[in-house]
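Once you scroll down, you'll see the structures, which are given as structure tokens.
Below, chain A partners chain B and then partners chain C, in two separate complexes.
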Partner chain A sequence: MLIYLLKRIMWMVPMLIGISLISFFIMHLAPGDITSNEAAFNPKASEESRQKLRELYNLDKPIAIQYGLWLKRIIKLDFGESFASHHRPVLWEKKDQNGNVVPGMIQKALPITLLINVITLLIIFLISILLGTTAAVFKNKIPDRLITFSVFLGFAIPGFWLALMLIYWLGVNEQILPISGLHSLDYENLSSIGKFIDLIKHLFLPVLTSCLSGLAGISLFVRNGMLEVLNKDFINTARAKGVNEKKVIYYHSLRNAILPLITIVGLSIPGLIGGSVIAESIFAIPGMGKLFYDAVLMRDFPVVMGILTIGSFLTLFGNLIADISYALADPRVRKGLM
Partner chain B sequence: MNKIFFLFVFLFLISCSDNNKNYQSKNYEGKYEKHYGGTLKNAMVGEPNNLIAMIAGDSASSAIAGKIFNTLLTYDENLNLTGEVAKSWKLSSDKKTITFYLNTKMHWADSVPLTCKDIFFTWKVVTNPETRTPYASDYQLVKKAECKDDHTFIITYQEPYAPALDTWATLHILPKHKLEHEDINNTFFSRNPTGSSFYKLKEWVPGQYLSLETNENSILGKPFISKMISRIIPDLSSQFMELSAENLDFMSINPIQYKRIFPERKDLNNNYELNKELGNGYTYFGFNLQKKPFNNINIRKAIDLAINKQEIIDGVLLGLGFEITSPYKPETFWYNSNISKTNFNPDEAKRLIESEGFKLNEKNIYSRNGELLKFEILTNQNKQREMTAVLIQRRLKEIGVDVSIRVLEWASFINQYIKTGDFESVVLGWSLSLDPDQFNIWHSTQNGPGQFNFINFNNKRVDKLLERGRKELDIKKRKQIYDEFSEIIYEEKPVIFLYAGYGLNAIHKRIKGIKNPPPPAGTFHFMEKNWYIPSKFIRNEIN
Partner chain C sequence: MNKVIKNPLSLIGLVIILSILCLAIFAPIVSSNDPNEINVHSILLSPNFDHIMGTDALGRDVFTRMLYGARISLLVGFVSVGISTIIGIIFGAIAGFYRGLTDAFIMRFVDIMLSIPSFFLILAVIAFLTPSIWNIMIVIGVTSWMGVARLVRAEFLSLRSRDFVLAAQSSGATNFHIIIKHMLPNSLGPIIVSFVLGVASAVLVESGLSFLGLGVQAPTASWGNILTDGKEYIQFAWWLSLFPGLAILLTVLGYNLLGEGLRDTFDPNKT
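Right after this comes the complex of A and B.
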């Protein structure tokens, strides 16, 4: 087991380098750089000045050298500074000699995105297991049909449309929820309970809209898993022994049916740090999706590369965690690794 | 994002919901006394990069920095140059030296006196090759700058430079005492500036909002409205929702909101006043003049005659724009109003094309010895420009010109097509500066990669006029120069001017002192001196 783990971790290094190499080159293949996007069509900004900027950012060097410079910094865990948001550190805050703190970009955006995604994921799993189990128990009866129909409806409705509808209804017409933003403007003056309620109010609609689209996949996954398990011999045995139906479903079947969900949780880890550009724009939430999207449009290479590197690390890490927890949860898999 | 679709959603909502049911109208009419206080709230789509405007390249940064910093000169509401930090200026007889006489008793927000040393320092910073600014070239023309005393700033140019005064109306004066030991490219000052204008930065919450409060030391006097909060809301539909819920005091709106949504909504109409002002730019249809068929003036003229500009204005801007005949703000001094516009005339267009030896082929496309009259219009992802291109395509097809359209992402558009000259025609826009100099756009030497005469316009007379215009400081003679320049451009048709759209704004009625119709300088010109919120309409304050 330990050797297996070490092997897996060792493998992550060349994989990460490979991923970063490919992302770096693809990013630089896209036409343009930061200097052609900033003040691109302002006749007061001359081409000479732009060339000068290119040199200051090392953008005039051959791409292989640029990659080398980047790799050299990243080994020391220095993610560099953004081109577009002048010198904001990509990853973590920095202090200048006077003790002023400039906040890091990922440092500010990641907790927000994580918070929303973790809540969303928890709700999705909770409701999906409930819905999936119910649907499986009532297979092909009205509750099953109703559940399948509604989760697919949630999946099919365009998220941004639904978001705007809900904002209009609950925010503008009824005025019971805030329309956009993460906090109210008087957030600082609220008591801690007030702050909590304020946050819940602001997160309600973003979480609701992203939950609706995620329910379909997982609940059907649970439903099918349950159906498979319910047809197994050991369930028949349990029933034959006279175990009550509730225990059969929630103890014997469900435990088996949700095992594969562990893999899904592992695979969701990279998704946890990637926000949705559309939802973040509509709800004015300063998360990772918008950060990445803007950085790509501005050709802000340090930010793009920073997010991609962290994202790919978390993907690999997530896979590893999923495999390990699978092994822990399922004795059959554990045996295979020994 | 897909704005048009959002708007359909809006229209749908309006038609199916009774949105006025809970609405209790409040009366904002009447006369009120001027009053200090209150908070103004607005929204912006992007977060400022850097509050040192010469280093930032984005409009959000300049918008906020403009409330914090002063310039040497400024434009009054009729767009005439006037003093700001300088109270007056004098030109030497050889026209190369400008002496600025500064106001006395000026202070920075931290009470340190503002003197000529700060202005000299700012000039040093902007011209320093290490400074990461794209705007250095105008100030590098200054051969020598000096402070005669604390309140006299003298600059000397190599040769007379007419746009000089305009350049000093855009450069924000920076405090020497805060920045002289700092690296300008990498200073905390850009997130926590000390300025001299109406407001100072109170708080900057990354990704959420910036708030400004009154600068008691403002060299222009105190603003009536004591606080401003600019929220960052990237999506325009969400901004409009916030406006509907009265959470924003003003917002710039689009023609559909102006023409269709506001008239339908009693609540919006009761709370907000609409106004329209001259926009800051125009949209044109430009040709790559080195390529066939655009090297032929008759073909360019024919294309102009075949395009119905009013139709484009009605279709794209719902009528909220106007045709222009010279590249200046209409109804302002530099605009040549004597040029009469060509009228839509497809028959004349066909005659012109046929006079060049083209004949309609079996597919109803003009051809001449196998050369088809066929080209591609390139534009970037901008709904209005895309719609414009479609209308042009349709009209040209009617006379027998085969046009295809390609829409590209901005960075690819600039770098792969415009910079390399690999395009046939473009639908694009230019913003209109207040100084008439357009050397960078039309002079034949400015056609290198990354320069702005990418259409390759080359006209000896225009070159001369542009060179003379830059050196002529007599405003009447200068006007003649640019009038002739405008005439030649309109006659030669290197581009076809399509429209200049109005800037449309909705402003909450609780704010008083707004000039409607707006002066030529626009609705927001010196709003600090004019806008106020009567005490009756000040809402629960946030401290």
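Right after this comes the complex of A and C.
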């Protein structure tokens, strides 16, 4: 187990270097250099800020040295300052000349996105396990057909369109739910329970929208997993010795069918983080996705590079945690039998 | 082909795909309006006999814009998946055929690409380039080939030691010849399935990008940017938001149904 862990963590190093290479490569896709107007850099930008950008990425040096210097800064977690938002540090808070603490942009945005994604994942799991199991138990009967049909629909509905329709219906027409931001205007005056309810109300639609596609995929995954397990010999044995059907399904089968879900969590992290761009921009939630979108629109390169790198690190880290949990959950892996 | 038609779900998918394709191809015949013609006398008309999907804020006929939008959305879908499939086949074939170090190297590269959130990757590339329909196709293609590569590699690994490959090798065929003439045709099934499913997700990505204003640029109509135009008027012109969304939904549904149907057809083991 320990050796597996060490090996697994060692793997992260070449992966991280690979990610940094790709991110660096993307920055050099721009025709000329990233400060030229052909690269869609804001034509109004002053010569001074262009010079600053050139210095930041050492654009006057050979490309290998540029990469080396950039990597050196990334290792120290120094992502520089934003161009667009008054020199706010991209990653973490810093003291300015007057001794005031200026909060980092990713530092502020990341917890919001993580909160939404964790809630989303939990809901996806609960509902898809329920749906997938039901579909498998009633294979080829009406519940299964209904669920399979909804799964296809869930795959096909564009999330941003659904969000728009929900905003129109629940936010504008019925006025039940707030349609943007994280807090109401009177948030400060609310009691702590009031604050909590306010947050839930604001998160309801964004979470609903981001659940959708994941829900479809994972329900299908649970259904197929359950069908496979239900055909196994040990299930026949359990049934033959008279274990009641509920226990066969919820105890013997489900345990085995949902084990691979842990890996799926790891695999779905990049999709969820990427998907937050659309959900957060529609609902005006100040998370990583919105930050990234705004940075792309304003060609705020340090922020774009910072989020791209941090987003990939998070994915790697998520995969690591998924692999470790899988190893811990599966006794065969835990005891080194596999 | 018979099996595809016998499967009701994939038949529905095929019908949806072909109808939308016909509407897109024959757009000038189906509607005599100009998709970009501005008419101040018919602003924001609700659906009626002359404009079956109403008109937008510039008085343009939404139905006509939807037809021409279908051309753009499908074009982006097909070209970008074409690009990603070709890249995927090249990497997957090389990895699966040569195995060993080459394989390890390519597959680690695939892992790295997969760990960068794809929508971030696409947006980041667009941030450094200018959004245009060609850039969108290339960007989607270049960022979504990893699934195909894994798939082709798996097929090639299992075909590599089959008798007909060994026979071709011992009769002196070049590696290139074996890959193109013998192994690739035998792994076409899963590639076609992933192509069809890929079109569905590319249409979704393109509409998402256009919706964010980073995809196909006005005045060219695409389903995504019709929806963006419509969202400003959602309170008094629901038709501007409803129809493009439904079109995307139907298209994606069609390709997914056909893709799943094909998968069942090609893979007799799966129920």
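One rule holds in what follows: the second predicted complex is superposed on the first by the 281 of 338 C-alpha atoms of A that agree within 3 Å, B and C clash if a C-alpha of one lies under 4 Å from a C-alpha of the other, contacts with A are read in each partner's own complex, and residues count from 1 in each chain.
Assume contacts are C-beta pairs under 8 Å (C-beta built on N, C-alpha and C of every residue); 3 or more make two chains touch, one makes a residue touch a chain.
Because the structure is a prediction, the values reported are computed rather than measured.
Trainee: Taking the superposition on A as described, I'd like to know which of chain B and chain C A:Ile157 touches: first, second, both or neither.
Mentor: The answer is second: A:Ile157 touches chain C but not chain B.
Trainee: Between chain B (first) and chain C (second), which does A:Gly171 come into contact with in this model arrangement: first, second, both, or neither?
Mentor: Touch partner of A:Gly171: chain B, not chain C.
Trainee: Regarding the shared-chain residue A:Phe221, is it in contact with chain B (first), chain C (second), both, or neither?
Mentor: neither
Trainee: Is A:Thr315 contacted by the first partner chain B, the second partner chain C, both or neither?
Mentor: In the superposition, A:Thr315 contacts chain C only.
Trainee: Classify the contacts of A:Asn98 with the two partner chains as first (chain B alone), second (chain C alone), both, or neither.
Mentor: It touches chain B, and chain C stays clear.
Trainee: Quick check for you: in the superposed arrangement, does A:Ile278 touch first (chain B), second (chain C), both or neither?
Mentor: A:Ile278: touches chain B and chain C.
Trainee: On the A-aligned overlay, A:Arg299 touches which partner chain: chain B = first, chain C = second, or both, or neither?
Mentor: In the superposition, A:Arg299 contacts both chain B and chain C.
Trainee: Please indicate which partner A:Leu182 is in contact with in the superposed arrangement: first for chain B, second for chain C, both, or neither.
Mentor: Once the two structures are laid over each other on A, A:Leu182 reaches chain B alone.
Trainee: For A:Pro14, decide between first (touching chain B), second (touching chain C), both and neither.
Mentor: second
Trainee: Which chain A residues lie in the overlap of the chain B contact set and the chain C contact set?
Mentor: Dual-contact residues (chain A): 30, 39-40, 160-161, 164-165, 167-168, 172, 278, 281, 297, 299.
Trainee: What does chain B use to touch chain A in their complex?
Mentor: Listed in rising order, the residues are 1, 6, 9, 13, 17, 19, 22, 41, 46-47, 49-50, 55-58, 129, 132-138, 185-188, 190-192, 206-209, 229, 231-235, 237-238, 241-242, 244-245, 247, 409-412, 414-416, 419, 430-431, 433, 438, 440-441, 448-452, 542-543.
Trainee: Which residues, counting only chain C, touch chain A once they are in their complex?
Mentor: So the residues of chain C in touch with chain A come to 108-109, 111-121, 123-130, 200, 204, 207-208, 211-214, 227, 231, 234-235, 238, 241-242, 244-245, 248-250, 252-253, 256-257, 260, 271.
Trainee: Can you tell me which positions in chain A touch chain B when the two form their complex?
Mentor: Against chain B, the touching part of chain A is residues 30-32, 35-50, 52-53, 56, 84-87, 96, 98, 100, 102-103, 108-109, 112, 160-161, 164-165, 167-168, 171-175, 179-183, 185-186, 189, 278, 280-286, 290, 294, 297, 299.
Trainee: In the complex formed with chain C, which residues of chain A make contact?
Mentor: Within the complex, chain A touches chain C at residues 14-15, 18-19, 22-23, 26-27, 29-30, 34, 39-40, 152-153, 155-162, 164-165, 167-168, 172, 227, 269-271, 273-275, 277-278, 281, 292-293, 295-297, 299, 301, 304-305, 307-308, 311-312, 315-316, 319.
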